[in-house]
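In what follows, structures are represented as structure tokens.
In the two complexes that follow, chain A is the common piece, with chain B as its partner first and chain C second.
Entry: the complex of A and B
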């Protein structure tokens, strides 16, 4: 542009002057940049800065403890420390692994697997390395605060369950909520990482036990390390719960079933309160409270006898001769059995097939058929009644439907009927099918809890109760309603039974324990003990696909005391226990423990004495309001003998 | 008056370094910074004692020596590697220095000397003159890029721009050069081979800071949050959550301005900008009153470098520029940077003191 070139022009004041404007322009641009951020965008950036440094940390609510009916503790909590790995800003993590591995006793490859598992999780989310660390490991972390800043400890409360799987099936266990559960509607309020009841009482009453987690607003630095607290919202501890369980009875039942496969359930038939519940084999819920070892899971998972299964609610097996009590009810109520006389010559032929009986019982009528457990008599009765009537009475006492106990995963069993067979097996009902049903075989399937409820309901004059494990009055009405809606079943019901028939059936059941009965060996001196054995053939009743190949019959017994309006019913299932009589002896142990305990209380001495002398005096106690409360001996119980 | 503004900024620097390092293992850096400032002031007065014409006499020798030291720093055993770049020469006894900072000063002198000759000839700059002046700068730029240190290499460019501008480059020539550079740049971006991956990431992060908030966008995002959340009045000394929580990266060097903005707000930031403005305007005045062309050229060289660094660094803190490791003159922590700045100011004083000579 400029052609006249002199020193003055080249370094002209104009050029230097111009640079001043350049400087001013640069400053203006920077100033505008600042204005944009600090004046216009400041509110937005203030929020971002807060989000950066403030993190909501949950304050875990201690889970409610679980007690037995007398306030003795069953499940407690204990303080525990867990170790977490912070990944923020960690570049040299690989180099630290051997040291971490040595100090915390975790194999390096396990840490690497954890890192891999969380590799797509946000970096600020810390990885749980080890739960329930030992004081030694805690000391290691403290001592290496500077070298291993990525290790962080967190105080937690953990569940302490009884040892050796005591009452494990009823109580259940807790664990971290699974991704599948999170998708379910009933877990809508839960978030990942929450500890949740996985089975038993822990699952059923999770919402009561868990309480409400609080939270703490903590100030963290860019490494996620906590440097201060802003405020906190207290956690509401979970509610302690008292179960209907009686530890003394539970212990007796556990002992009775020691080393066997099967289940025992004891219930108060007046109220439906479960007094004891055992399932064998069992598992140790404490193993689930901390990281489950692969070996333990394998041993549990591959055990053909299903240790995780609560057989008291879930074993659906042919009830065998225990079903004859229901047959007796049907026969008497239908006025078919009263005058029935059958001569048993070791079986009989129906519809061209021979159906065997284990003995030659000779002349059998309604008074000795049940004590003898004569199959010939019940074949004949079944043929006379027909499947429709049998099924109707079966349904009336809750066969083939859930009892509605407040525990998860109860099974329904099977009360065979024409429509059932058509729907399930797509086949029509043959008259011969009815004969097997008459002795609790064939398509018949029941769970121990169903049988306990049905037989004690009959002995209580027709008052069927809804079994439950929670002592009443501890949770709100809405919570109670929610439980009942979750665990639906036939619930409380009245079944028609005349006083006369009631007396006949209950006397028959008492005679099962008499010298002529199948369970004579289980007789308890001075105790009005009644019940029914069952020796169920496993070939026809067994589930397909189980690894269990044994053909030894299952031994059943459902027993109660006293015979009418019983205060306790005990159902025993001993898989492959040979004879019902064997199970009767196990039930006798529990009944004996119960009676001994009651008698040790003042004024109860006479309560469970032998056979009532005043037959016909008593009225069936149908409503449980009339039932003796607390077994204190003051309530007028019928019938009372000496 | 210039010295007054400089000292005020130095005090701000020391206070902010103190605040920014309070919670870190770098706690106490403000004392080292004060030591550097003391050394810088001594050096400033020392260099102002020597007539700048003497400095120009040795400028060629110094330039040659500088190139050798930049080569030396690239040789293993002599050059020290810090964070993946060889920038330092170990002086023994724990001391080390960064030759690339001093080269800046030598370059200003060498450029002034060269352009002085051209100005004395009284002709327009020929293409060959432009080529020579460019070569003067491109050699050290290339060596520093090799370290690699893009930021420092970039700070050499304003020396060339100021030199060409004042040395008499014609507008048409400038337009051609810019066009050529634009084409080269376009070619470079098209092939994408001339930027190291981390540099490419920084540019991506600059263009879209939220794209990868935990990765390469982290620094720029945290800086924006720091500056923005400072608001009008700031959060107060030691109360910047971004700075104290270690969210803002290196808040005592490259991002010291962001830390300052967080704790002292828009008001504090504008005061700092104003001080820089006054210093730069004062430098231009000194250039105007210089006794001879080399004096003017030297002062304008200093001005250009300082303005460039301020623009790039503050621009980075407020999200107007991509992340480059260029310190903010007078505020960022660092001995080489502080001492360079004061030496440069010493030469400016030198020129000013001799404005009535002739």
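Entry: the complex of A and C
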């Protein structure tokens, strides 16, 4: 006791006062702090608390469906449920992982990897755990809602594409937007996790098809449990689109290309409406709609035949003899070809080089040059015209330019010319280069869609169209303008062709399918079928007696009916299909489907008349060659061109 | 009094602080891990404080429940005593009759089981149940929860299904040593996987805020009608397969949840008046392994077929092997492959199709094309 009093006495009054002031100061600071929190910051914190209480749940807009020109469905949606993981309310995530993993059939390390991937994302953003879950998995989530409040399900409309890759290249597919895409300007309005069209119509018309997502303001309690809804903003469904595609023709084209590599494109040359578009090999877009498996991605990525490539727009290959139609146009319009007579002895020598022809055609003029597909005639014509004139006519019908079809990633092909060679190969043009160009070899490259537009445009007297896949009148004018500005190309154009020349070229093309023509075998009884074959050497050149299919020439055919102002043009590319007339038969299948359908609509078919099974359908078998029809058949006599 | 307070001021303050800290700790601290392990498979998030409170309160609740029950029993026992002798004679007769019946039923049951095995009918048999009394409610209107008089000491674990002889009631939520929480089917956080008995359509059952039970993940389907029986699907890993849940009471479109229907279920068990329930503590499949596999395969196949995606996929065009043209609605005249002639050997569909003869020549017929001088470039292919 004594010591205590003594200690107290030792404290000076000044020290005691100091202590009091310090305590008062501390209290003041604390008081101010309290006042700041409770009074000044109250609004701010209230908002924060509200945000905690109200959660925005997205309501995803169903994507527009896709129909064919007659309103038959091609792409539909189906209701599907996805599971998301919320992170803002659950600290004990690790303890729940085994249960989640067992119920949703996802390995624990995959969930952990997902968590890691999203660890820097804002906490309120939920992590997609599993898409398209099964009813059992959904039942598991619902039955464990009290233990696993962090699991959330979201109803979605998922894309469903036709099976077997039917029309897959034209329609395209959707997928989650990639981080690279998000940095691009055209995806400025998109946010991570959005589903976006990745190719074909899905990409080109994504903004029309996708609609606008809505949202629901959900009131949640402190455990994150939904206790009510404040309000909701309805989702605006995406617009359904009708394509110019005709399912019947598409079906015929799909069947025609079965088991082959290549592309078929059918178009209405009056309007540019694409009636069918097939590319082979194909892929299954449904594999992309849910999470893509590594195995599938590997299989299509490593396929040397590029299943993802839309060969109708993207295969840039030597057009071969189909280019001779453009040569004929140039020769006639320049008044060079009219009186040209060439004697074909299996080739000719130009500038010291021998250029071969596949047979001895004898006397050839403008009326049989195209049906014979006589290389010697077109070598001579090319030499007379010169590359500048050939390139000018090539450009005028859209060679070396995109057509402007409303589908992404169209390729330009090559229309060789002096400036082109200087710019690309840094080499000057040699006169000998022109000779190969005359038969569509050498530097010449074209896509099936370019040839369809060019040759049908010539057959239409010079009226060239812009190919397109959307039936007009479905989108606003500004959207239409935006599409046209995005997919620029040669588009609709008019080139002058005299009436006589128009008559000559179209009759020549019809004669290609006559008994004297290269595609006599593809003659369709009762149909005014015209066109031009192309047997284009691949770059490595032909090799005799080899089993390697990659050296077999590409078979081209561009056919149409009727011969002038055609209603349909079909371009066929059969890679390593050997002869152009093999492709001509594929085109004939599509043409026949079209004509039969039109005649059926007009009631002009003898339905019950059993067609007599005459072998050649009243058609003499082609006499111009000893018919090497098989792919592994005898090798052709002389390599042409090159 | 004052002197007491002032005298023990220090120790009182100390005790108060320690107490407050203990409570504070109890709020934060979750139950120990080894404890959780014995109680359930998952990480239980029950705080110590709640654990203590429930443990403290329930003995009293039990005493009150039983004492009221006992008082009633004593009273009714006294009244009943007067007729006891008469009743005894009647009852003995009754027992004899029931024993006979029981033997017959046992035989029937055995036969039923054999038949089910023959049909490879997959069903999880409930092998173990624990009977429990309802001793209290959660006391909150918004959450439909009951307290049972059995707990982990009796073998109960969280997520076990609770039934009555009528049908499914709910599942266990938190389990304490001598009590357990029963989460009823009609609580808003409840859910279960179910199957409509005759159509085999799978749905998800959910409780609603106003205490009803609904299926709300099915789109409009003409096969779903009131009166249809609903049973558990077993997919949710809580409720064993094949337990009766209820019957469909009404089917109506759900305006809040656009493409889906709100299907209200009338539960077989009366959820608002529950006294005795059975907790399923063990299930077993009585089928031999091979039959089990068969059943699972058949189930998987059936479920595959029922996915919405597949139903819609059939409406989409496809090349297919046969009938493909039918699916597009074409008239079947579009160059069928059997009619092909002169194809490349070994390559499918590489031949020439046969054309169908026409009644009269049209613009596609040979020779019908007018000379160029009569045509406009890009115009109609034949002058009108």
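Simple rule for what comes next: the second predicted complex is superposed on the first by the 526 of 642 C-alpha atoms of A that agree within 3 Å, B and C clash if a C-alpha of one lies under 4 Å from a C-alpha of the other, contacts with A are read in each partner's own complex, and residues count from 1 in each chain.
Following the convention adopted for this analysis, a residue touches a chain if its C-beta (ideal position, glycine included) is under 8 Å from a C-beta of that chain, and two chains touch if they have at least 3 such contacts.
All figures in this text were calculated on a predicted structure; none of them were measured in a lab.
Asker: State whether A:143 touches chain B only (first), chain C only (second), both chains, or neither.
Answerer: second
Asker: Identify the partner contact of A:270: answer first if only chain B is touched, second if only chain C is, both if each is, neither if none is.
Answerer: Only chain C is touched by A:270; chain B is not.
Asker: Would you sort A:80 into first (chain B), second (chain C), both or neither based on which partner it touches?
Answerer: second
Asker: After superposition on the shared chain, which partner residues are touched by A:99: those of chain B (first), chain C (second), both, or neither?
Answerer: second
Asker: Quick check for you: in the superposed arrangement, does A:463 touch first (chain B), second (chain C), both or neither?
Answerer: In the superposed model, A:463 contacts chain C only, not chain B.
Asker: Which chain, chain B or chain C, is in touch with more residues of chain A?
Answerer: C
Asker: Report for A:45: first if it touches chain B alone, second if chain C alone, otherwise both or neither.
Answerer: first
Asker: Indicate the residue numbers of chain A shared between its chain B interface and its chain C interface, in ascending order.
Answerer: Touching chain B and chain C on chain A: residues 227.
Asker: Going by the contact rule set out above, which residues of chain A touch chain B in the complex?
Answerer: 1-2, 5-7, 10-11, 13, 15-16, 19-20, 22-24, 26-27, 29-31, 33-39, 41-42, 44-46, 48-50, 52-53, 122-123, 219-223, 227
Asker: So in the complex, which bits of chain C are touching chain A?
Answerer: Touch residues, chain C against chain A: 41-43, 45, 142, 158-159, 171, 173, 183, 188-194, 202-206, 209, 217, 219, 233, 235-239, 256-257, 259-260, 303, 308-309, 311-313, 315-320, 324-325, 328-331, 333-335, 337, 340-360, 362-373, 375-382.
Asker: Quick one: in the complex, what on chain B touches chain A?
Answerer: Contact set of chain B toward chain A: 23, 119-120, 122-124, 165-168, 170-172, 214, 222, 224-232, 241-242, 244-247, 261, 265-266, 269-270, 273, 276-277, 280-281, 284, 287-288, 293, 296-297, 300, 303, 307, 310-311, 314-315, 318-320.
Asker: Where on chain A is chain C touching in the complex?
Answerer: Going by the criterion above, the answer is residues 72-81, 92, 95-96, 98-99, 102-103, 134-147, 155, 158, 160-164, 166-167, 225-229, 232, 247-252, 254-260, 269-270, 460-463, 465, 494, 497, 499-500, 502-503, 506, 510, 521-522, 524-528, 561-567, 578, 582, 585-586, 588-590, 592-593, 595-600, 602-607, 609, 611, 615, 617, 629-631.
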